[in-house]
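Each structure below appears as structure tokens.
Common to both upcoming complexes is subunit A, partnered first by subunit B, then by subunit C.
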Partner chain A sequence: MSSFELYLFFGLLAGGYVIGSYLERKHYRSIFAREEQFQDVLLIAAKTPDESLSIEHSEMVTGSVVVSVDYFKRFVAGLRNLVGGRVSSYESLLDRGRREAVLRMKAEAKKQGAKMIFNVKLETASISKGAGKRIGSVEVLAYGTALRIS
Partner chain B sequence: MLVSNLEQIPGKRIVQHLGLVQGSTVRSKHVGRDFLAGIKNVFGGELIAYTELLAESREEALVRMQEQAKETGANAVVNVRFSTSSITQGAAELFAYGTAVTVEDE
Partner chain C sequence: MNYQNPKLPEGINTSREHPLKDFIVLLLGVTLLLVVLVFLISFALRWLGPLVPFSWEKALSNRVATEFVTDEFPEQQQWLQKLTDELAAQQDLPEGMTITAHYSDSETVNALATLGGNIIIFRGLIEAVDSENGLAMVIAHEIGHVKHRHPIVALGRGLITSLVFAVLGAGGDSAATGVLSKFGLLTVLSFNREQERESDETGLAAVYGHYGHVNGATEFFEKMGGLTSGETPLRAKEFFATHPATQNRIIDLKRLAAQNGWPSSGELEALPVF
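For the complex of A and B:
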């Protein structure tokens, strides 16, 4: 390894750590704010809405996001792989992805005036398979049926 | 065409089942997008170009599913599910399927 490669490696590591953790904090702040804002949209995992509800309109809503980890976290996760155990760098990635996807779905429902989303499903797909270490990202999709109640 | 991932359409009654309908699309990102995503990957966070690409493709899979449903004479698709699989490096298949039905007002 030449000294240039070494510098590049440490530069990416430091850049990934500083900017990556800043972006993650910023993302979490925005997630907390929007979770508060969309609190009135209820998510229900049941398949059949209650008979007593008088439903005005129903439509399928989706929310999706692709998120990736930063260089530093990917490096740490690589080290973690040697000894096994909790890989917290990827835990927060998936947490962010799911919450973001759910929030986008809620936003779409709210735009239609719906207050309930039934049969919510979450799906996670790794779109980086085969791309080696270059892209460590996941796609999270949330979908359900939004109901407008009269 | 009504689309729902519930087992029925609320406020409607299913009068006829017309079988499974499906729609799929395989997409890959172009080199420029891949390159930018590679840079973004150093810092982490949302890869907006990919999010848009996948959302568009999923929409297309849904449209294809609805076209197939229309051919069978259905006016609604219930119990819709999505599935994503990566086939090779840089290409993903987006798949939507559901049951085509005919519904009428209750």
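For the complex of A and C:
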């Protein structure tokens, strides 16, 4: 490995860390703010609503997000893969992905005037399949049935 | 029914640990693990390498690219082979071990021993020494490497280390293991200091056996040692990359000669003019 490659590697690592942490903090701030904003849209895991509710309108809502790790996190996860254990560098990635997907679903429900989403499901798909270890991205999809209650 | 979504506390699904801490602990841990592993393998190979029959090594070397072998300089080639044979005769080589000298028309101030008893002597080295004795010490040193089976040990070390990293690479991230393996391989590519010392001792004994004295044996090392890093000519850089601590070697060689009572004065043989 030439020294150029080595510098490039450390540059990417440092750049990935600095930019990645900045973007993650920024994303979390936005997540906290919007979670506050959409607090009034309830998520319910139950399949069917209580009979006492009078449903005016029901419609499926979805929210999906594709999120990728930075170079630094992928390197740390690569080291972690050698020895096993909690891959903490990926935990925040998936946490952000899930919450962002739910928020997007809630935003769609709110647009319809719905205050409740029933049968909420989350699905995660790795979109790095076939791309070897070059891409570390996941799609998180949240879906459920939005109910407008009269 | 009253449905509710209470606000959940943060930090359930994510770790609060600083990401750099994870990074440093993992990097140090994995590096340490690899260093220990490579060290253990090297240690094991020091015992296993010499058990490989020399004929296997020779067969292997025939397949290795023969980039240094040339018929263009028969005079130099013949002379070097003769000197090499004379020095090899002093080393009590194991049965079936043969040494083949190769002349390489390159400015590199170095000589090297490789698989199958092949020794390559560069033009730069012959030009750098003042006497045949100085050159003989370097050749005898390289023969020492062959005698002690250092090339096959180095090869085994390189192969097994690559294998370890390949296995690691299959489990981990390619960039991570790529970098680690590049660092790791640096430590196994050349002969280590102990092997150099071992060959120096064997070499000096051969020089004494051939000339009856060890005058001029340290000539080349003194020449190289006299160069401070600031004035190192580019063509000598390769020598320092593979042969560290020149000053210590001279001291060790002189001590060895004194211990054995090998005279340090005697007539120097002149180099032939090609």
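One rule holds in what follows: the second predicted complex is superposed on the first by the 150 of 150 C-alpha atoms of A that agree within 3 Å, B and C clash if a C-alpha of one lies under 4 Å from a C-alpha of the other, contacts with A are read in each partner's own complex, and residues count from 1 in each chain.
Going forward, a contact is a pair of C-beta atoms (placed from the backbone, for glycine too) under 8 Å apart; a residue touches a chain by one contact, two chains touch by 3 or more.
Just so we're clear, the structure is a prediction, and the values are computed from it rather than from any experiment.
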**Item:** Touched partner set for A:K73, first subunit B, second subunit C, both or neither
**Value:** both
**Prompt:** Taking the superposition as given, does A:T62 touch the first partner, subunit B, the second, subunit C, both, or neither?
**Reply:** first
**Asked** Now for A:E139: first (subunit B), second (subunit C), both, or neither, which partner does it touch?
**Response** first
**First (subunit B), second (subunit C), both or neither touched by A:L147** = first
**Prompt:** Where does A:E123 make contact in the superposed view: on subunit B (first), on subunit C (second), on both, or on neither?
**Reply:** first
**Item:** Most subunit A residues touched (candidates subunit B, subunit C)
**Value:** B
**Asked** Do subunit B and subunit C land on any of the same subunit A residues, and which?
**Response** 53, 71, 73
**Prompt:** What residues on subunit C touch subunit A, complex-wise?
**Reply:** 1, 3-5, 7, 13-15, 17, 19-20, 22-23, 26-27, 29-30, 33, 168, 171-179, 182
**Message:** List the residues on subunit A that touch subunit B in their complex, please.
**Reply:** 12, 15-16, 19-20, 23-24, 27, 47-49, 53, 55, 58-60, 62, 64-71, 73, 93, 100, 118-119, 121, 123, 125-131, 134-137, 139, 141, 143-145, 147
**Fill in**
Residue set of subunit A touching subunit C in the complex reads 1, 6, 9, 17, 21, 39, 42-44, 50, 52-53, 71-83, 86, 88-89, 91-92, 94-95, 98, 116, 132-133
**Fill in**
In the complex, subunit B touches subunit A at residues 2-11, 37-38, 40-47, 50-51, 54-55, 58, 80-86, 88-90, 92
